[in-house]
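The structure appears below as structure tokens.
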Amino acid sequence: MAALEIAGLRKEFGGVIALAGVDISIESDKIVGIIGPNGSGKTTLFNVVAGVHKPTAGRVTWQGKDITGKSAYRIARAGLVRTFQQAMSYPGLSVRENVRIACEHGRRREHGSKQKWSSPEEILDFVGLRGLEDALAGSMPFGNLRRLGVAVALGANPILLLLDEPAAGLNDSETSELSQLILQFPKLGIGICLIDHDMYLMGTLCERLVVLNFGTKIAEGPPDLVLNDPKVAEVYLGGEI
Amino acid sequence: MEIFIQQLVNSLSVASVTILIGIGITLIFGLAGIVNFAHGEFLMVGGMITWFLVTSGLNFFAALLGAMILVGALGFIAERGLFRFTLERPMNGFIMSIGMSVILQHVVIRIFNEVQKTIPDPIGKVWVIGGVDIIAMRGVVVALTAVVVAITYFGISRSRYGMALRASIADQDTAALMGIPVRRYVTGVFVYGSVLAGLGGALMIALFPITPFTGSVVIIRGFAVSLIGGLGNVGGAVGGGLLLGLVDGLSAGYGFPEWTDAYSLVVMIAILIVRPQGLFGGTLGPRST
Amino acid sequence: MAASAENSSKEKIVAAVAIGLFLVIFPWLNPGYRYLSLAITTGITAIALYGLGLQFGQAGIMSVGHAAFIGVGAYTAAILSGNVGAGFWVALPFSILLSAFIAGLVGLPSLRVSGQHYIIITFCFCALLNIALTNGGAFTGGATGLDVGSIDRIFEINFDQLRNAYYLVILALFICVVVIYLIINSSYGRTLNAIRENEPLARAVGINANLHKIGVLMVSGALAGVAGILQAYYLHHISPALYGPFPSLYLALMVMLGGARLIYGPLVGAIIVNFLPEIMRLDPIDSRIAYGVGLLIVILLLPGGVSAGLFGAYRWLMSKRQQ
């Protein structure tokens, strides 16, 4: 059984259906991508799974336990951690404190686990922010903020990391640096589920893609198959990319 | 029946002042995103200016115009000189407006004094309509308020300016891209709300005595009315003002006058918690998240 | 880097000792009745301000109804003394607990409502409490309020003597500053900062933001309770007017004026507001105007408050001297 099981997940906002019954399974040793046009329900899916919103109906199971509608902080402590598209950091605190707070609150670290980091400094080193530990998060350029966002999430010691458009706003070289980083996660025992619009990035990173449109899953499978699926092409050619 | 109609006109005239202050707050908070705690003081200053001009020998209606213009100018200075710099940090704007309310209150005490001010009834007539005596000034207050409400309502919901204004509230960045001068609109709304506070002050002193501390009583009722009605919702503010007037009247009539102020407070807390968009629907204020 | 950190911690200790020493010898500098009683009022206000400074500066939750919780502490003490004859030391824990409890209760909406909306709620609650106290009949003493006796002597110390009352307040203030200092510099302080800076992110890394928000409001309320009971026993008479919306607004202004985030901020705010008008011989009306103008200037030019401004100026002077 996959680590994260989403079954019949439905979310309505005052009559507007954002998710119309979605079923997805996500393993914690792979990189899985979720794509779909704007408004297809990707971010809502993350929000409902991570406990920001309560679902209207459906079930979310994490490592065999029902976590539907649980508080965001409980879900994070269970090792299911998400990042944010905007608002990635605590702008008024130092880079070190940003990560340290996550280390102090996330999933408990066990001795002898596969996790290679034990301190904020080591995590910052890993994401390439060494030497910036004392900088104010809010004063950093955007590319570094994205890295910090990932570092904060790593601080919470995730088993599965939900990345919400991690490459949005990055230039090509920053994007390829970031994908190098993401590719290392499964080896470190961290599964990845990410949303992004960059088809090329998603195609190269992900082992499996899930396509959403109008709150329903319309395709799922290996990237080369999914991206050549006529239904998917129709969604993207018919709408905006 | 006669007493009832008299009571009705009296209640309506009191509600009118509340509605004027409520509309100002609903526009400034709901559309410009500024919580101006000194708005009640703007009204008080309007009343004091009217008192000063009338006691200096000016006609009441000229004094009323003067109060509207001067309080509008005060609003312009406050928006351009103070709130402009805190648009990104509304909390600071809020605290600053508390400081401003302290300043205005005590400047008025310094210039005049703490004693309550009254003016003689500007019209001094009693209309007899269908056998019912109605104090003319009260009728004028209600009529003037009705006109202002109508102008504001159509200005906000129908005119091009109003539509652009509401678009800019929905999404400031997009509005700016569409060429809508959002900043100027914020100033416009703020000054308009201030002018209404000036008018409210002038009308209030025509009915009741005013002290330098009147503003702090009025502001709570103003916030209650605008929150009940839904921020940015002119019609809602009118409904809220009438509702509050009714509750006050009933509570005074049935023997709990000392708890009168408590009702608006309880209603306000309940609405903020349960239905922050108000009973009649409105915005949450542009930056309320 | 290491040297300057060491330097600054040495500076901190020197500053703390100097301030502490001054506060201890203050009554012996012949301040006279007026200044000594002003110092007591300032100390009591500062204790409450530290609570407000904690919740606003560290957790980002502002309140313009804080005097209500001082009032809960004061009225608890007065009612316990009047109805069951409980003295200061017996009433103290009750004042603290009840103020903390009510503060937590009033804080519940902050879990749903944020920013300006919540501030308005705090203001409404304060006004509401005031109406309830005024209409509370014999139980609360109505608009005239309640009389309070003297603090029971301990080791024959008579706290009605101004100097002894001063030392009691300074002791309470000292404990309060130490508690706040420990909170700010602990992982709990960082947790509160995370909630202030980005609440959704704080939740997403496993912080139980709801619990900590109510928690910090209760700590803040507890300090207000201490201030309340001290005030009740110092003034020997309390009335609703002391705890209404206006005193609350002034508390909020004082905290902004002094600066909420730095450890000396609330103390600086309380001292400026209480002592400056006296030293400059302003009458109450002029001092209020000056106070409001000062606040506008601070918010526009010194967003960290006067304490942050003084600290910045000190840093600047030191760097000039080193060049």
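Labels for the chains are A, B and C, by order of writing; each one numbers its residues from 1.
Here is the rule we use: contacts are C-beta pairs under 8 Å (C-beta built on N, C-alpha and C of every residue); 3 or more make two chains touch, one makes a residue touch a chain.
Because the structure is predicted, anything quoted here is derived from the model rather than measured.
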Query = Looking at C-alpha means, what's the farthest chain from chain A?
reply = B
Ask   = What pair of chains is linked by the most C-beta contacts?
value = B-C
Message = Please identify the chain lying most centrally, where each chain is represented by the average of its Cα atoms.
response = C
Inquiry  = Just the number, please: Cα centre separation of chain B and chain C in whole Å.
reply    = 33
Ask   = How far is the middle of chain A from the middle of chain C, if each middle is the mean of its Cα atoms, in Å?
value = 42
Note = So, in whole Å, the Cα centroid of chain A is separated from that of chain B by 48
Key: For the chain C and chain A complex, residues of the former touching the latter   = 187, 190-191, 193-194, 196-198, 200-210
Query = For the complex, which residues does chain B have touching chain C?
reply = 29, 35, 82, 85-86, 90-92, 94-96, 98-103, 105-107, 109-110, 216, 220, 223, 227, 258-259, 261-262, 265-266, 268-269, 272-273, 276, 284-285, 287-289
Task = Would you tell me which residues of chain C are touching chain B in their complex?
result = 62, 64, 109, 112-121, 123-125, 127-128, 131-132, 134-135, 245-246, 249-250, 252-253, 256, 285-286, 288-289, 291-293, 295-296, 299-300, 303
Key: Residues of chain A defined as touching chain C within the complex   = 50-52, 71-73, 76-77, 81-84, 87-93, 97, 100-102, 104-107, 152-153, 155-156
